[in-house]
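The chains carry the letters A, B, C and D, assigned in the order they are written, with residues numbered from 1 in each.
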């Protein structure tokens, strides 16, 4: 694993929805090695702990990364104050990302709410082989749909209240897709109950499934053992660490 | 005593010398009642305690105050980051200022280093009746000399190293002036040893003398008893409070 | 507008927010900014039997998200407090907590007796001041010491008796139990955590008294923990303090088990802090559809 | 370039900066960022006799200028530490402090015996972990408990023995004296201050373990005070920690009496903190024309 820490310049910032911002960061040495599913660990000015945010886009040509985040508490509020030209303090790229496989013919990418951003690098990788299912509370919270379309992937949009796309949960279209039997893998990120349901569905159909988990972090690199999550491997239970062993896990390893 | 707290807009900022800044603040309700020798209590963003800074100029017409301060530690460094248009959090005007007297014919105002700013409102009040003695380490630290000249006051400049004005301490010209016997009052602000010497000299010549003291503060308004200084009144020793009983004291009351 | 009133030891507070002893003097200076009647109560500066000058200056230092003080109980003495400050305070339509801080148990008893003859609503017995050589924290450091001074003061007054505890102990809940057993009507906590800063250029302690008491947001998690442990250990009400700066902080402290809160260092940062905290509590209650602040006291559900 | 070397209990440190136990693992992850040989030493994660999973997550919370953790000594057990981590660490040209944390005195003894047969430079006996039910802070809360476990572990090893003390006590210097009397070669302090945060929307403690240990800049003044008191009470060296984030902080802690410093939470804020602190100490010494860092230890001049 390779990572570095420094202050990097922000090339651009935009608001995607209420309290949701997209930031592009100039960090060639990080962009060079970053993988889909990895994250960056950002220090909001004046805070003690860093905040983990998934990588939403990687441009090796431009030497930039893009992140998309929602203002949740004081730390993300502070990060949201940054503007084009400002410096952002990052430790990156971190974690074990998604396993991509060139031989896969058809994959499903499922993002729930602020879990959609890490699906974008996968959509770019798989292109027309990907079907992206995105789920949001309602129309105001919908983000990144054009970005997904531009990758060539097929997109399916769901909202809880039906204010945009289909009304209902992302698991409905997933079940439909899995019925046909030609899906090689499911990749997903979002709220834990959603991940658990998706893992169960994929498991039942015996489809390879990777989930991206969240846990509160200290170091972000595997040293402090703060970000424990229960996993099983070869039948044995043990505490893995989301920052280093994850955030992406084979869904069969996770103990929900 | 009347004071208020709020966030006020900065009308202008300039650098006077290395690490020394002048800030003009739009605060009509404070400017209306502020008196020479009073101070403002500024909260640097992110700090627990406020920082006391003397009022250097009061414009009732423009509704502004001016302060001049030196970057000393983290708090003043933070205040120095503020720029025109930014808001500054102030509790003001505070303290007991200088006693001015219309019947005085000739007064001496003595400022040492960053103790010169509070002399300016006095110079404006007394105009040609005032002789302003300013003392600085060296030429690079000299501030406010043009401002003093514009008040009509006579100005005498001393530097410790002789790189500008007369070489030597402010007490030398003071002694000369007091010899003539026509000085009604001495007002001074600066480092404690300087104040102590000036007080002794004025006392010896039986000239009325007021000194502006410094002490670390909490509330700034006389409630917390943090800013104690030893004084005597009617022969009795007691602990006065720089923020409320001062910062300006009759030099005879101070126990050095 | 939710119901903010609380009742502690039979005394009605219009809201649960009280400026802490030592930061608010006797209210005169803050009255320039807001009416004292807006406050739930006022804890007055710690009073000794005779006038005290306190420790030499500097008496304050800034620390990360907090501060140290070493004022050392400067006050005019109990007689002047009763003759010159209390009558004015009693007209302010708010609960007055007279904080007493004798250097010996006998001194505390004498002060309590004098206060017993006044109209003051409550007595807060400070057995936890870290800034004086005698009395102060020494009383509060052991269960026996705390119990003994409480027993004696208890006999001297029929006023509701709050004992203010030191956080500089191995088990604050044990101390709380020992003062409860001696008839304390409530406990308040935490007083300041003993700390020190050194000026590395002069190699001198920043405070002239070498050490001082730390307070402000930095200590908040320690205070919440101690209030929670204490509220689970005693049956009498707990008044919580230590680092409270916002309405949310006050709500958190009350959920931990505090029936009311005191606000210290935050007043230096923002002199309007107490009234903003009252507003903040009300906003929290309204936005969560909670009718009364009493409904949140001690409601944290441990894992 | 000043001389940064110090000697503690006969062990030479090239500089006085040591990442604290628990934040640095066994160094593998930070080695990606800087060579471990740059460090004065490394205190390894607290080791128990058998593998421990630690407490359930969340195990961390942010607080004003600080943090809480409730990891609860997750570690692979002493045998795996000795076979899989220690050999690698011993090649890194830095002093290795093996932190041990048994739940009983017997367990500590057993771990110490196993370490005695390795090349590890020093043993740091943690009698102060606030995040485990057994052992941990319980040992460190009384002089008798601290003395007893120290006495037993002392017999089990000839390695230099550092005892790591808890700040959650009435008198840390008394505890230090009692472990000194039983043959501790040094003491290190402070471990974390017990704290708690509550999520006011869910009414649940933020940490799944309800309480956790507070560290980071917020605790620095308390740590400086405790190091000063302890250094004045014992003759053995004191290793200081708690909130150190800059070279200036390290200098302040050493003036208070620390012969070396450990750095915990600051590493989360800035993974390069230990090397920046080494630089900062050097800069301070150079700009003050001080030839050796040894010349500042314990030099604060109280008023």
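Note that a residue touches a chain if its C-beta (ideal position, glycine included) is under 8 Å from a C-beta of that chain, and two chains touch if they have at least 3 such contacts.
Computed from a predicted structure; not experimentally measured.
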Checklist outcome for this item: Joint neighbours (chain C and chain D) are none
Item to check | Distance-maximising chain from chain D - centres being C-alpha averages | outcome: B
Checklist entry - Hey, how far is the Cα centre of chain A from the one of chain B, in Å? => result 58
Next on the checklist: Using Cα averages as centroids, what's the distance between chain A and chain C in whole Å?
Outcome noted: 48
Next on the checklist: Rounded to a whole Å, what is the gap between the Cα centroids of chain A and chain D?
Outcome noted: 36
Checklist outcome for this item: Note: chain C residues in touch with at least two other chains are 61, 63, 65-66, 216-217
Checklist outcome for this item: Shared-interface residues of chain A (touching two or more other chains) are none
Checklist entry - How is the touch graph of the chains shaped: line, ring, star, complete or other? => result line
Item to check | Each pair of chains that touches, named by its two labels | outcome: A-D, B-C, C-D
Item to check | chain A contact footprint on chain D (complex, rising order) | outcome: 22-25, 27-30, 32-33, 45, 53-54, 56-63, 65-67, 69, 71, 74, 216-217, 265, 267-272
Item to check | For the chain C and chain D complex, residues of the former touching the latter | outcome: 61, 63-66, 68, 141-142, 168-171, 193-198, 200-201, 203-205, 208-211, 214, 216-222, 224-225, 228, 243, 248, 251-252, 255-256, 284, 288, 299-303
Item to check | Residues of chain B that touch chain C when the two form their complex | outcome: 1-5, 43, 47-50, 75, 91, 215-229, 238-239, 244
